[in-house]
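Quick heads-up: structures coming right below.
Both complexes shown next keep chain A, but they swap its partner, so chain B is in the first and chain C is in the second.
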Partner chain A sequence: MKVGRRSFLSFIIGGAAGTALSPLPWKLTDDLSIWTQMWPWTPVPKDGAVSYAGSTCTLCPAGCGINVRMVDRRAVKIEGMEGHPINDGGICILGLSGLQLLYGPTRVKSPMKRAGNRGSGRWVSISWEEALEEVAGKLTEIRAQGRPEALAVFSGKRRGTVPALLSRFMTAFGSPNFVTAASTQDSYELALHRMQGVQAAAGLDLANTDFLLSFGSGILDGWGSPVRMFKAHSALKDGGGKLVQIEPRLSNTAAKADQWISIQPGTEAALAFGLAHVIILEKRYRTQFVSEYGGEFEEFRQMVMADYTPDKVAKITGIDPKTIVTLAREFSRSSAPLAVCGKGGGDTPGSMNEFFAVHALNALVGGINRPGGIWAVPEPGDFGWPDPEMDETAARGMQQDRLDGAGAPPYVATAALPNRFFEAVAGGKGYPLDALFVVESNPCFTEPDPETVKAAFSKIPFVVSFSSFMDETAQNADLILPNHVYLERYEDVPNPAGFNRPFVGLVQPVVDPQFNTRNVGDAVIALAQGVGDPVASAFGWDGYEACLEEAYPDQWDSLTSEGYWMAEDFDPAPWPEAFETASGKFEFVPEGLQRGYVPAEIAGEKGGFPLVLTPYDTMRISSGYVGNPPFMTKTVPAEVLKGKELLVELNPQTADQLGFSEGGRAVLTTPTGAANVRVHLYDGIMPGLVAMARGLGHTAYDKYLADKGTNVNRLIGPTADPVSGLNAAWGIRAKLTRA
Partner chain B sequence: MKQERPKKFGMVIDLDKCTGCGACLVACMSENNVPFKPDESDKLTSITWMRVYQLNNGKPYPETDICYLPRPCQHCEGDHGHSPCVSVCPATATDYGMETGIVSQIYTRCFGCRYCMAACPYHARYFNWWDPVWPDGMEKYLNPSVSVRMRGVVEKCSFCYHRYQTAKDKAIYQFAEGERDSTDLEEDEYQTACTQACPAGAIIFGDLNNPSHRVHQIAQPDEKHAGRPKNPKAFRLLERLGTNPKVYYLSSRDWVRRAGDNYLEGEGKLKRH
Partner chain C sequence: MSTVDEHEKDMPSEDSGGKGPPPPDPEQKNKATAYVIFFFFVGLIASLIVGWIIFPQLLYSQKEQPIDFNHALHNELVGDCASCHYFREDGTFSGVPDLWSCIDCHMDVQGEDPEEEKFVTEYVWEDREVPWLIYSKQPDCVFFSHAAHVLSGGMDCVTCHGHIGESEHSKVYQENRITGYSRDIWGRNISGFKRNSWDRMKMDDCADCHEEARDSATKDEPRAPVGRVIDNIIRVAFPGTYADNRGGSVQTQRGACFKCHK
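Then we have the complex of A and B:
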């Protein structure tokens, strides 16, 4: 067939007319407008009666009061509680994101039993009865074999009724292996124990401080009780007080400080001695305190006078001697100076040498138990529970050594040594474990060198996780008994980090449990009953709520009406009664400080690893048990996380020497591991250092968090502090090579 | 009821106190049903009504200094309500509220031409390239006071206008019930989510026209000169563009105040306003 001009045109025109008459163009136009404004599938939030429910946040040890805005039975917003002694209306980024955890996709929705190999991600959902029966059966078996010490518990918290119930369970069962995660709070407690002879938490009287000297503590980067620290900083600014930050990296704290002094990392204790030198030389110390309550002061004086002149300290720390002298003068001249230590967010316990040196500095200026200083706040009691009855099996089990070596020489005063626990189990030291409970913690992610933790897991045949979320540890467990999320449960939060009065916050359910979960407290009581007497007889409560109420008989009214209880009229012990050391004085030179400054060593040789890797903490990344909720990950700058790649900070000068430019890809190698990273040039970091954000690199959780960046803990193994035995690794030697 | 004097809601952000923690971002996202995607590291498509920028003084170690600058919508008044975005919107989807000084955004009117985004010198406006998706169950936390936006429209900070409406409704009800003397709101009755959340207390919000409000006292806006701050520590972003914004910033650092506008290199010291 021949196609002529006429037939071609009539085909085109006819086709066009036909198409125009057909529904197609209108359908396409309609689709286009739908494409631009397709509304029916966007959710329309249901309206309802608005109310507020008060509770306490448990996402970090800060103990902030929260007010949850409810629309009918839905929680729609978390706000800070006005007038609360800790946060007074303020709230941090993690606290604000709490509802994404409550309603998030990574919740464990019912008890789960492993169906495939460990870590394969294949689970079957089982009932609570089946789950509890299985665990109780396993526990009965362990006891029947006469080795109750083969059960261990790893708890993210040490204070409060839930850890107390776990600890009680272990005692009645017969195992000494109750292990708790550690932080700078533990180091502070040990410092107070050794220097003041007291069992107490360190409370900071921030309201009356006018000079805050921070040895690398991330005052504005998540250290201690973050909102309280933020408020204290703003109050310092308003009141003309001063914050001095000593740190090799321009952190947010350093940037906000009135003065940033960069220091060779790990030499902070030497600077504290240098300041003490100037203060003693110029007789700027609190004479009354030192002469009446200063134990071994002469020894301390001789040590700092001989070895820590500004010039010598300058050589160690890299700080100009004039700066040291000026800082010492300003610090001691202030009416209420306060020095704090414990690096970054305070998750790493740190070097006791440094804690002792900094605490001695506070003592020199008379800041112990004084307004604006550091207070010994008594630990909450044992809740008045009668000692659990132990049978012969339990008594024999409790006499076994703890696997982590805590409480025995050389670490007599340390409560638990998480780092040594996993090393011991992985290395097959001591006796084998048959079962491990993991409660409110995620050691397969948060502990230094998680590979060791996983190796330890592989030696334990039965691992039970009580996590609310499918985190790395839950993934590697055999059974998950999911806890309620904090917004669904009761709990107590005693002695929030760094608070200077005895205090208990009450966690109360604001919504009904969303899934088939149970409070760990209830699960423990049920397990005790499942194991039978004599363990069961130590748990006479009907449930956890009854137990909690009974634990705070005098405080309960205040807890339920205010949401917290506080010892309003608490005053720290005055000097004559404050020190319970052998001499009754403040020990300036406790054991562990006799040799003066001891460098906080890190792993690796300078030859093979010319750089030093240090982790840093930021408010925008949650690095603890709770993984970053999507809102928080959204706020992470593109200079920290780009796509799935993490960027490490490098000084432009160092980058130049190594041939890196902005965004360049590199392999970061340390003695512990290696990772692919990209380089971000940052002028605010000391040349020779590589800084990496802590808290990324999850392999578990959802598509909003998993496989983004690298877990810095994977690159830095623990180093045991010689005094406490706790992890003191502030970094590790490293090298960067082009990828 | 007597005619109320027009309000001019505005903000003062103290950059000496702001720590860059990001609480304001999340308070805003949580309050205003702002969605999130699996990857939010491309900041051009990442919707953050409140965004925190990091400024630096450009000096090498150890003289380096950084400062964080939170940037909500600046709610520009321009000249008599001719703010840059309002002037260009062909759909009247964004408008300047003469009663409150708040620049509105009406999602159902917006057809996504994005002229306003081009006109806004502060990058305060965001386009929904995708429909919002909440993981199963998470839509439970959505706030019924704020409508969820759809693909194809522009959105931005509203100074939590729904909170103003709620407070106002409550005041009118109480006035009708004889529980209060007027429907005028007290300073603390209407506060934005970011102001309320800020753990450092760096954000202050209120009526710039009301001499008893802290924003007025701190910023000291000069009405004769289009609201320029009389407080020497205060500045506004890109002051010289004449956008007449209602967000004031405070800083004691010279380089930070200077970073608030595009000064030429040799332009001498920052002039006091």
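Then we have the complex of A and C:
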């Protein structure tokens, strides 16, 4: 049988006809079209029961209430809690991106021990038992040598049960070196302490303010409690109130303000005194307050009359004298004016002279403890824990001086001096440290001049990080005992930044711990047990949860049902009872106030460094312990970060003088360091200044954040304020040269 | 295969006049035609066999459920489908029950069935969800609300899911190797014909009811279809006269495809 061409074609035609008459082509077409909807990279959300779990955000000091949308046991979205006293349904971009911190790749998944050299990034995973045993062994060794003061703790927070447990641990162990990070709140507390004689946080009664005078505070740039500030700003505008922003840069706040007054940075105190001058001269102050409760008012009056005439202040600040007079009149004419200070996001302390001056301005208009003014909100109590028993070793250790010099002259009223702590350790001052715990903070990135911090680390043989993330500090540690992230743990958030009532927010776990992590509170209790008596006897709790519940016996019901506790009927102390100074009055001239104009100093000589570098904060960059989640970095505009290069803002006039054009590459040099940057020409920045975003330039974290931009802290060293000892650097002298 | 000679033999020559090759042998010609017809049918039948029998067998893989589940037994004990396949408080449908729904009764082994023992020891005690294979799973690109059909529309489960509630064993899950979905979506019948409403779950099967409902709704409407044309003219000429998007999708504010498709 010969198969011819015709037969073959016939076979093919028959096959085609048969295929067409079979379901094969039609079914295959259908299946292929469905297959194209099934690409593995197409995300398909899992189905499940939807619920909401309430908690409190801990990513900044704001204390916002959050509602986490859950699908089965998985958190899928974070929303602001409706009706919450602080944020009432609002949420910021960082809070919204929190899930990327929970599920993201930068988590430390189990206790880790360093395997290579410090910072080499080589780690081995160990069990919690091994890790706790190792730390407890080290601590026992330190105590056996009779040098308990050789242990130090650096904590990102000062309030709440976790810092309280750490502090208690240190006391029972015998070390005074419990160091906490500082912010604008610390400067405010010291101002209240010196001028009103109280230990209290500064609360702002924003709901009743009708004139907000901001000395560089980023009301819409993340200052204090950002969502609360945003809402307060909207309410202020809706109610016909006014916001005046005083700062040398056209920030978002300045752009949205009713009036933006550009000022020579660092001269804010002079302006406040200048406004006081006009108010006193024109007798626009609250006479009853000043005559009955104004301590040393005459001295204050003489000082501002002599040294702060509008003309003199104009020369210092660069603001037109007429503007000063008008502003003073408008401020004092308002029914509830409020002046605030603390630059940018309020994450750094500032010059006490400025805080004193601004607080005096509030006092002049009678805003202390009054509606729309600034309230002294009592610090939360000591949780009613009995004092820990101290053995001889502990008692001897506690008598040692703190390495940071806080609480001792000249900085008697300051709780902790983080900048001086790292300087002292790095410089080998005082006694050497054998061990350091770093809790909920990332000093190797956030502290000014992180190189000093790293130098201090190199002097400490044993560094333990409790970080949830592989951040710069964890990278430089010897052991990591990872904390749960906030969505997995219990914690309390007392006295949120700037809130004007006693308040505690409760952080509650909304998801099961994703990895082999533990709450720091539990780790500290376990360590105390590991060290043995008498330290162990001061930690009788079964675990952190039990300790937390016991710390808030009267508030616990409200905390668990509402998610927060608030003293609803709190009224600040009325004037006759408000001042606990020696005179019983408001001290217009507190101890440490500098008379005559003394500019807030910054490092560097004008000759070698003709420009001034000043950092700025934005809602789109998280500059604290927690680095930017990827969602946030996506929102950073190309005028701030282009690819991996950071752009600094420069006035076109200055750029012209220096020969820079838009996008030009430059080397930014300061007395502290140098960095490669690009130049962005911006009319909104005062000539002679270089503005740089804070919070970029991480070397740790994931590919979405690491090696993007430059860390401005690396270029600005700390300047100790003469009164508080805290860092008061608002900038540094700098120069820009072509790269 | 054919050769040049054969070609020449087959080709009638036009210019050969009377001197061309001899006329083809009629017997040979008949034989060639028979071959052609024969091969046509060989091709036809082979492809029909491939298309109707071999292809369906190749297309689907056979998978057993992790646990052989007895619907009939459970149905007897709990009474109705909704005891396990219930609507959540927010109106969403729970679908296949999770472990949480089962452990009320199955914290410990109850009977002597090895499948139950396997379920309790391997899943309940291990706190591990059973990776059930879902016969009726649809692609994620479709909006489907059980509440709209069951609670509002009053449909029963059988209309779409058949008599699965009476089964004593879990049937074999046939997974489409290309799409990853169950064979139950296209239907057992490879040609796509169905006898019962639950035999298939493709878009056309949705349309069976939906078109019927639409047609019967407009059938008696006196204004249709002329009225609809006038409606459309008014809608274009005077936007806002009618409420927007009557009958459109709530989510997308569109009609047609986007009523159901994301």
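Following the convention adopted for this analysis, the second predicted complex is superposed on the first by the 696 of 739 C-alpha atoms of A that agree within 3 Å, B and C clash if a C-alpha of one lies under 4 Å from a C-alpha of the other, contacts with A are read in each partner's own complex, and residues count from 1 in each chain.
Assume a residue touches a chain if its C-beta (ideal position, glycine included) is under 8 Å from a C-beta of that chain, and two chains touch if they have at least 3 such contacts.
Source: prediction; values computed, not measured.
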Which superposed partner A:G428 touches (first chain B, second chain C, both, neither): neither
First, second, both or neither for A:L641, with chain B first and chain C second: first
Partner chain in contact with A:S22 - chain B first, chain C second, else both or neither: second
Chain B versus chain C as contact partner of A:K46, first or second or both or neither: first
Broader residue contact with chain A after superposition on the shared chain, chain B or chain C: B
Which superposed partner A:G584 touches (first chain B, second chain C, both, neither): neither
Partner chain(s) touched by A:F8 [first = chain B, second = chain C, both, neither]: second
Contacts on chain A seen with chain B and repeated with chain C across the two complexes: 35, 37-38, 44-45, 47
Contact set on chain A toward chain C in their complex: 1-8, 10-19, 21-24, 26-28, 30-32, 34-35, 37-38, 44-45, 47, 49-50, 72
In the complex with chain A, residue positions of chain B that touch it: 16-17, 19-23, 25-27, 29-31, 33, 36, 38-43, 46, 48, 52, 54, 56, 58-62, 64-68, 111-112, 131-132, 134-144, 147-153, 193, 196-202
Interface residues, chain C side, partner chain A - complex: 1-2, 6, 10, 32, 35-48, 50-52, 55-56, 59, 88, 90, 92, 94-95, 98, 139-141, 176, 178-181, 186, 190-192
Of all residues in chain A, those that touch chain B in their complex: 35-39, 41-48, 71, 74-80, 87, 89-93, 96-97, 99-100, 102-105, 220, 226-227, 230-231, 233-234, 237, 250, 252-253, 255-256, 260, 262, 514, 619-620, 630-639, 641-644, 651-653, 683-687, 702-704
